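Scrolling down, you'll hit the structures one after another.
Two complexes come next, and they have one chain in common, subunit A, joined by subunit B in the first and subunit C in the second.
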Partner chain A sequence: MTPYLLVAPPVLLLAALVIYPLVYNVVLSLRNYRTGEFVGLHNFARAFDDPLFFASLRATGVYVSWALATEILLGLALALLVHRTIRSGWARTLIYVLFFIPMVTPPVVAGVIARLMYSPNYGVINVALAKLGLIDTEILWLSEPGTAMFAVLSVDVWQWMPFVFLVCFAGLQSVPMDTVEAARVDGAGGWRLFRHVELPYLRSLLMLVVVFRFTDTFRVFDHVQVLTGGGPGASTEFLSLYLYRIAFKFFNLSYAAALSLFVLAVASVAFAVLGRYLGKEVGE
Partner chain B sequence: MRTVGVVVLALLAVVYLFPFYWMVTTAVRPLADFYQFPAPIFPSEVTLEPFSSVMIGRQFVTLLRNSLIACLGAVVFGIAIGMLIAYPVTRLPVPPAFRRGLLNWILSLRFLPPIVVVIPFFDIIRRLGLYDALGSLVLLYTVFSLPFATWMLRGFLLEVPLEIEEAALIDGASRLRAFFTVLLPQLAPALLATAVITFALAWSEFMFGFILTATQRSQTFPIGVASLVTQFQIIWNEMAAAGTVAAIVPILLLLFARRYVVTALTFGAVREKA
Partner chain C sequence: MRRTWLVWLVVGLLLLTSTGLAAPQLPPKPAELTMAVVAGGETKGLKAILPIWQREKGVRVKLVEFPYPALYEKLVTAFQANAATFDLLIADDPWMPKFGSEQWLVPLDSTFGYVRDPDIFPVVYDLGSWPPPRGPVPPDERGKSRHLYAITLVGNVEFFMYRKDLVPAPASWNAVIANAKKVHNPSRPLYGYVIRGAKGNPVVSEFTPVLLSYGGRIFDDNWKVVLNSKQAVDALTFFAKELKRYSPPGVANYDAAERAREIATGRAAQGFIWPAEITDIVENPSVSKVVGKMGYTLAPRGPGGKHAPLIGNWLLAIPKGSKNQRWAYEFILWATSAKVQRPYAEGGGIPFRRSVLLNPAMNKKFPFFKAMADSLAAPPEWRPRTDQWFAVEAILGTHVNAALAGIETPQQAIARSASEIEKHMREAGYYR
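This part shows the complex of A and B:
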């Protein structure tokens, strides 16, 4: 009896603060927000004729795939590099701290920092590129769709490649020494050692990283809001930013609620994947 | 190979440290530096005036107070509620399916996109007259700190041997008494680590604060930082000063608890030595 009595208050709280709002969202999505009348699936049907929604979906797709690919490849490569070449304990601690700090910086501040780096009149990136002789006219990073996408992506990679690195580095250190030694004696070096000995140990951690990074890039909001606000045009208006605009600029909460159920469905799939592949690590 | 490693790391050190250098030095520059192009790499003189004009002139101390209240609220409630889940599932006899279901349900909150919650929540609290109130932020921060708090506490509880409480129970102490006099003191460092991580995560939260508050009465510090980024005229040194204050809090706290951070963020899948 007691265990159920103890978990009752948290369960009730979550019912009130999570389940109720989600149900409320479904109700919202079936209405016309202004008049309050029931409109059935109209808000869902509307999404199919909304070019801005599809533009936002495409931008999110671009963002998620570039961020995931870059962060995972760089993070993994860096973990291997440090694992193979840096032996001294204090150097490793220093590297740890170096990559730890950006990861725990609030995303809004990361956006502010990027603003200080990319902006046309105060940014240093243009100055550095000009000094190196790579450009001779200023790049207006935040005013062109392509470079603006690059800028918001660069912030994500800057902040979260370290997370991939730290997870992979910890994973590499958990590979048993004698397994590595045995492989070396058998003549496995470099790539083969990684492919056949270390990668199998990392596989489930990499899946975990993919799910976490997918979840967070798919919902990205904070630093984009500060850096580009979704612009120029709608080129960096990712799903969270688009829903924000519909709900809180146009005050069409019903349409936003309908779209948010789509976002929820995608996030649920990510969570289901996590449960399936990582039963051991997180299911227990 | 080793040289490659050192060169790559040196380059990365620049990529990672220079942006912080640029923010912090921007925060201590006098206005004159912003009329030069390109801006000098070292500040022409060091002044703390941007900090005082943000914190006092723009009243950001109020936002600091709001953030403290919201985050401490999330810490206290998050740990208390997390414990109400973590204790029974680790210490009391429950069916494994119940334990797994409950823990996974809590974990699923980590994957719930905030925009999905904030849309209905906005309408609900507006109808309740709780828009622009710190209380609604405390509630949401508590809920969204639960996956971390619960899973961390569960991890720590699993490390404390059952025998410790059993001895007290045999001596005639009630479960409640054993919890408070035997288990809790054992968990003190764990509670501190959980509190620090919960606090820092709530501190960095942006979307809820951005949408559910309107005035300095209830805005949190990151909302103030974002408000200094305007489309037309940015006052660079003030924006950088606010950003520096916003960043320094979680960085210092989490450096202090860094042993636990990656483990907490991956819900125990990564065990750390560093």
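This part shows the complex of A and C:
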């Protein structure tokens, strides 16, 4: 009896916070949002006939791919740079502090700051580019589809690339110095040292970073809502914004529930693949 | 002796009866009234008059402030539970269809015998009544008896502003374009017009008066979507091409703050405006370069000859769950009285009474009051009275914004909006 009593609190907590909402969501997705009558898989079938849903899925795909790639490459490159070139303790501390600032900034605040910076008329970015002679006419960062996507991506990169940096930097600290020195004695240059010595130590950490960043970018909402509201048109209307629109503008909670389950399925597949790979890495 | 006693008895009875006839007895004073309000400039005037109310009536009014979306959610939650959380509330007028159809509010006419005041514009009473007295009525609401559930507190109405030192007051869209051509000089920079074009509510608030002035409509009187019309395409072509031509670059992401800033810094000459933007920014000497240079007038008329300003009042109402309904009603009567509307306006509130808006002394201090009175008398257009409005606004606001950004043509934007709105209304049970 005691083991059951011991596991009861976490099980109850899990049931209340995860299982009940999930079951409720499934039930909601099988009903008509107005009348409450059972409609089977109608809400799921509707998603396949909804071009706006696929447009938001596409936009989310673009956002997630670019954000993940940029944050990981930039974070890793910076971690390597600092690891190899900066030895002073206080300089490294200063870098940690500076890199923490974006991460502790609330996303809404980041969005407001970016909105001011990307303003076409007086925003610091256009002014700086003009002063450097790089542009003749103002770039309409937030009111054209391509540049709007870039703008919302840039905020994500600014805010979360430091997370990748800090994880990678911590990983690099764990590489044994004697292994590095042995590789150097054997004539390994910067790239080969990274490829064959440092990267194996970082691989599992990088996979964890991918999992965390994938989850975060997949459900991005706050700074995009402030910066573009999903516009212009529907060009930055990601899945989370589209779901918000269906649930809180259209009040169609049943369709929103169906879409959220669809998203859950996509995310679960992605996590299953990543988890399998990660398990293999850790096992090795 | 016996006679004197009888006289005193009669006098006493008369006194008691006359007091009873003079005014209905108010219940004992509550310790306080709790009022749900939106956080922001809308409550500036209210906060200014509350100390007067407390001094006069001896009842404290506690304001509970919520950001805009949270206020709606809190109110709906309290209503559904019939909780006595709030005695009073202020509600945005597009919420009225939901609140009215669910019968969550106390009818002011049948419960307290509210008598309409000729000093208040009829549109104010129309807004607070449910089912709506004009325009299409939602299918489930037809046949219900109409009551007055709310009275305006914040008399928000959209009107037009122009640089009176540079151009004359434009009465029509042709005159707006003529003015814009006259002053437009991006190298200065001075733009002939400024659009609040951000996706969603901002661009819909801006486009709707143009659409209606061109004779376009979203729904007919039976909720059939009639948006896909030549008038609507012409209106959007004018909006997204002609007006945009004279606007600063990037207006497809402009909200109220950006528009007010363009005007206040002297970079734009004309545009729509809501009263709060004037008091807070455009006529505020601490942030504006154009104080005294702006003129205010009715929304320009379109080819159909119609002026179509948009109304966006905040309404005072009493939830059914309130335990202090009679005192809450007393507060509504007091706050909306002619006597209190003046200190309310002077304290930064947006009044709605004819006598205050047309008062010469008040107009000297608040130069936009006459334009507000004209707009309220026009009468202004309201958003279609349906609890599906937010969905309609989200759909229209996406496509009009796309047209403004050049992603969709006006024809595509109107056709897609019409088809998506129709699909949504069908699902919402409007067509049987």
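Heads up, the rule we're going with is that the second predicted complex is superposed on the first by the 257 of 284 C-alpha atoms of A that agree within 3 Å, B and C clash if a C-alpha of one lies under 4 Å from a C-alpha of the other, contacts with A are read in each partner's own complex, and residues count from 1 in each chain.
Everything below uses one rule, namely that a contact is a pair of C-beta atoms (placed from the backbone, for glycine too) under 8 Å apart; a residue touches a chain by one contact, two chains touch by 3 or more.
All values derive from a computational prediction rather than experimental measurement.
Because the two structures share subunit A, they can be overlaid on it, and in that overlay subunit B clashes with subunit C. Of the two partner chains, neither subunit B nor subunit C is touched by A:38. Once the two complexes are overlaid on the shared chain, A:256 sits against subunit B while remaining clear of subunit C.
Once the two complexes are laid over each other on the shared chain, residue contacts for A:219 go to subunit B alone; subunit C is not touched. Of the two partner chains placed around the shared chain by superposition, subunit B and subunit C are both touched by A:121. In the superposed model, A:54 makes contact with neither subunit B nor subunit C. By the touch criterion defined above, A:106 reaches subunit B but does not reach subunit C. With both complexes placed on chain A, subunit A has more residues touched by B than by the other of subunit B and subunit C.
Touch criterion met: A:144 reaches subunit C, while subunit B stays clear of it. Stretch 207-215 is the one of subunit B that runs into subunit C, the other listed stretches 9-17, 63-71 or 207-215 having no clashing C-alpha atoms.
Residues 119, 121, 229, 248 of subunit A lie at the contact with subunit B in one complex and at the contact with subunit C in the other.
Contact residues of subunit C toward subunit A in the complex are 69, 189, 197-200, 248-253, 258, 267, 390-391, 393-394, 398-399, 401-402, 404-408, 424, 427-429.
Subunit A meets subunit C in the complex at residues 34, 119-121, 138, 140-145, 148, 228-235, 237, 245, 248-252. By the touch criterion stated above, subunit B contacts subunit A in their complex at residues 1-2, 4-6, 8-9, 12-13, 15-20, 22-23, 26, 34, 37-39, 81, 84-85, 87-89, 92-94, 100, 102, 104-105, 107-117, 119-124, 139-140, 143, 146, 175, 200, 203-204, 206-207, 210-211, 222, 225-226, 229, 231, 234, 236, 239-240, 242-243, 246-247, 250-251, 254-255, 258, 261-262, 265-274. Chain contact summary for the complex, subunit A toward subunit B: residues 2-4, 6-7, 9-10, 13-14, 17-18, 20-22, 24-25, 28, 78, 81-82, 84-86, 92-93, 95-102, 104-109, 111-117, 119, 121-122, 124, 127, 158, 163, 166-167, 170-171, 173-174, 204-205, 208, 212, 215, 218-219, 221-222, 225-226, 229, 239-240, 243-244, 247-248, 253, 256-257, 260-261, 263-264, 267-268, 270-271, 274-275, 278, 281-284.
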